[in-house]
Amino acid sequence: MNFWTDPLKLAADWLVGLLVGWGVAQGIAVGIAAFLGILLLIALLMVVDVLLVWVERKVVARFQDRLGPNRLGPWGLIQPFADIIKLLIKEDITPANADRVVYNLAPILSMMSVLILWAVVPLAPSMLGVDLNIGVLYLIAAGAIGTLSIIMAGWSSNNKYALLGAFRQVAVLVSFEIPMVAVLLIPTIFAGSMGMNAIIQAQDIWYVVLSPLGAIIFIIAAIAELGRAPFDMGEAESELVSGYNVEYSGMKFGMFYAGELLHAFTFGGFWGILFFGGYRFFGLEQISPFLSIPILLTKAMIGYWIIMWVKYTMMRIRIDHMLAFNWKFLTPLAFVLLMVTALMNALLQRASPWLYAAGMLLSNIVVGWVILEIMRRFSRGERARVEDAYQARMETARH
Amino acid sequence: MVPLSWYLIFSAALFSVGLFGVLARRNAVAILLGVELMLNAVNVNLAAFWRYLDPVKMGGQVFAVIVFAVAAAEVAVGLALVISVYRQRNTVVADEIDMLKW
Amino acid sequence: MTSAQIIFIIVAFFTLGSGVMVVGTGNLIHAALWLVSTLFGVAVMYALLNANFLAVIQVVVYIGAIAILFIFAVMLTRKEIRDQGPQLNKGWWLSALLAVLVFSGLAAMLWGWEGMSRTAAEFPSGFDSMSELGTALISPNAYVLPFEVASVLLLAALIGAVYIAFNRK
Amino acid sequence: MNQWLLVAFFIFVGLLIPVGAIGVAWFLGPKKPNPIKQTTYECGLETVGDSWVQFKAQYYIFALVFLVFDVETVFLFPWAVKLGQLGLFAVIEGIVFISILVIGLVYTWRKGMLEWA
């Protein structure tokens, strides 16, 4: 046991030893050490969050052919810190008609629902907050609190835009939760466990190979869960000025904003964990946590980058289209995929890992191909219908 | 360690609070809120008995899971009824919903 | 008194206090939010009982779905959200009396029971409640029928509720 | 140590950080409230009527369908965990379960409940 292979345990042991030496009971000392570790993790996350603000602004600028922040520090790196100072010294306005308690609680819950997600994120084989045996469902549970915070924000602001935004956002969030949950079942089936660490340990072959469709559905549902474009109905600037957070200013708005960015990064991380092997990368993770943490964060960053890429490429979808897309396409697809995966899993139970992977991949390709074929036929029918209607209208106009 | 009785007393208290809500509130939605409290009290009981009697037998947890399904069904249909009545009668006060009296 | 007992008492009072607010508060949205806090307290109870799965689905199903449904229903059944008039029936004191009687009756009954001070059994080593629950729910000689019937029940609830709430005139 | 104690720590710290941030901002920021500043924002117009208005029933339908599906898919998790060990019978069972779910979806679809009308 040395610093290189398990720094966290070393530090914890040292701290516990120190505290016990001071006459603190063993149990309490362990508790204090755990608490300090969690505090450290979340403090680091907040620093990452601040950097994400910079990344987001820089990337969106590049997408839109601008330079982005470049005045303050090298490449504008100091800019987010200046933003924080601005948020800190702004006046904290609560609308007179707002429901004060609920209004102030909402941004706190919003941020909390994101931060507690990191309890189940394994950073290294031996380094994770809690190895809950229901880790995958914990993800959904934290999302439920986030949904609640949005509805609280929208309702307590006592503003029509805020309430409308919150309601739309919640309708989208809850709808996209169904394909999300269904797809989360797929890694659970493969790994035979819901623990995040167990899922990573079982990924000798990345699950994206076994179930590419599942990975795609997960990231689509995740983008909707995050409330980012093209699914950002809740804060549609052009229709609802800013949606559920229109009445928030200063640090309370900052909490929503920082929560959203960190949430996106976190879901990038979960994408990496569930489908891209988490901290695993050709055995490098065995050497040291100092390698596995960067591996995981890189995967999270790639996931986050894809989420940003989608956000700044796609336009916002209308809410009825969005819900129809979910209920009439994504949800049935996720269920069909789930059934096929379960069946293939039973049939290929005794096959060698490579045959298993090939069979899974093949079944995914078949399901994907069938769904594309159905979509193609449907869209051709739609186009024919629209064109016929147009023709008919032209005919009547001519006569 | 917490003795079993504490959980049972707690769940009895929660059940009574829910019962009061069901009996005393006028608003039909609030009555359903009370029913939720009662169902939760029942579930705490089931989980406590599972833990304290024989945790290897999963009967208690399975029972609790089924109660979740029943609670979801109850809320779905109950609130749908309330909304339907509201759309026709424009009220959610339970005393004023008396179509079946005559 | 051990730390587990202290935690239990805090959680119990938090939950019961929120429960009282659910039935006591006038504003229905507040009542629904207090319900959320009660439900969260119950989830903590499950966690204290080591029922991980129940604790999590309590949050997912109750807070994530049922509470949201309640809030939506409240918003749908209101012209003016703040209630006018009294929230309680005229005979509310009778209900309160009945509730107190039920509680004291249950408490008195529990008092005489010999299982009162029973403490929790130890889990056997290597016991994974999640995997046991999976076996119990789907193995043919356990609870497979309730499992399937639950889905039929929910299907019936869905069809019924959709039909009732959405009968377009 | 109970795992949930660590989750409780996470929740506590997760509350502490935003409370701290908002608290510091409240402490540092100026506090000059006036009635105009505290009015409800409505694109520069004065707000008309109460904003806690009645909503369309469609939101409720989506929440309802979601509730039923959420409960059912959550039940599938114990099934998925044990799927590898229980063989074909368990798979067929799960497929029956999911099929019943899909029947519900098809019914709501056919009835036109999933339209944003």
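Letters A, B, C and D mark the chains in the order given here, with residues in each chain numbered from 1 onward.
By definition in this document, contacts are C-beta pairs under 8 Å (C-beta built on N, C-alpha and C of every residue); 3 or more make two chains touch, one makes a residue touch a chain.
The model shown is predicted, which means the values in this text are computed figures rather than measured ones.
With centres computed from Cα atoms alone, the innermost chain of the structure is D.
Looking at which of B-D and B-C shares more C-beta pairs in contact, the answer is the pair B-C.
Centre-to-centre separation of subunit B and subunit D, using mean CA positions: 21 Å.
Note on chain placement: the centre of subunit B and the centre of subunit C lie 6 Å apart, centres being C-alpha means.
Remark: subunit A and subunit C have CA centroids separated by 28 Å (rounded to whole angstrom).
Centroids of subunit C and subunit D (each the mean of its C-alpha atoms) stand 17 Å apart.
Residue positions 3-4, 7, 52, 55, 57, 59-60, 63-68, 70-71, 74-75, 77, 80-82, 90, 94, 101, 108 of subunit D are each in touch with at least two other chains.
Among the residues of subunit A, those in touch with two or more other chains are 132, 134, 137, 140, 155, 167, 170, 174, 177, 193-194. Shared interface positions of subunit B, defined as residues touching 2 or more other chains, are 65, 68-69, 72-73, 75-76, 79-80, 83.
Pairs of chains meeting the touch criterion: A-C, A-D, B-C, B-D, C-D. Chain contact summary for the complex, subunit A toward subunit D: residues 27, 30-31, 34-35, 38-39, 42-43, 46, 87-97, 104, 107-108, 110-116, 118-119, 129-132, 134, 136-137, 140, 155, 157-163, 167, 170-171, 174-175, 177-178, 181-182, 185, 188-189, 192-194, 241, 246-247, 250-252, 254-255, 319-320, 323-324, 327-328, 331-332, 335, 338-339, 342-343, 345-346, 349. Note for the complex: subunit D touches subunit A at residues 1, 3-7, 9-11, 13-15, 17-19, 21-22, 24-26, 28-33, 35, 37-43, 47, 51-53, 55, 59, 62-63, 65-66, 69-70, 73-74, 76-77, 80-85, 87-88, 90-91, 94-95, 98-99, 101-102, 105, 108-109, 114-116. Here subunit D touches subunit B in the complex through residues 57, 60, 64, 67-68, 71, 75, going by the rule given at the top.
Contacts from subunit C toward subunit B in the complex involve residues 2, 4-5, 8, 12, 15-16, 19-20, 22-23, 28, 31-32, 35, 38-39, 42, 45-46, 48-51, 53-54, 57, 61-62, 65-66, 69-70, 73-74, 76-77, 83, 86-89, 91-92, 94-96, 98-100, 102-103, 106-107, 110, 115-121, 123-124, 127, 129, 132-133, 135-137, 142-143, 146-147, 150, 153-154, 156-158, 160-162, 164-165, 167.
The touching residues of subunit D, counted against subunit C in their complex, run 2-4, 7, 50, 52, 54-55, 57, 59-61, 63-68, 70-72, 74-75, 77-82, 86, 89-90, 93-94, 96-97, 100-101, 103-104, 107-108, 111, 113.
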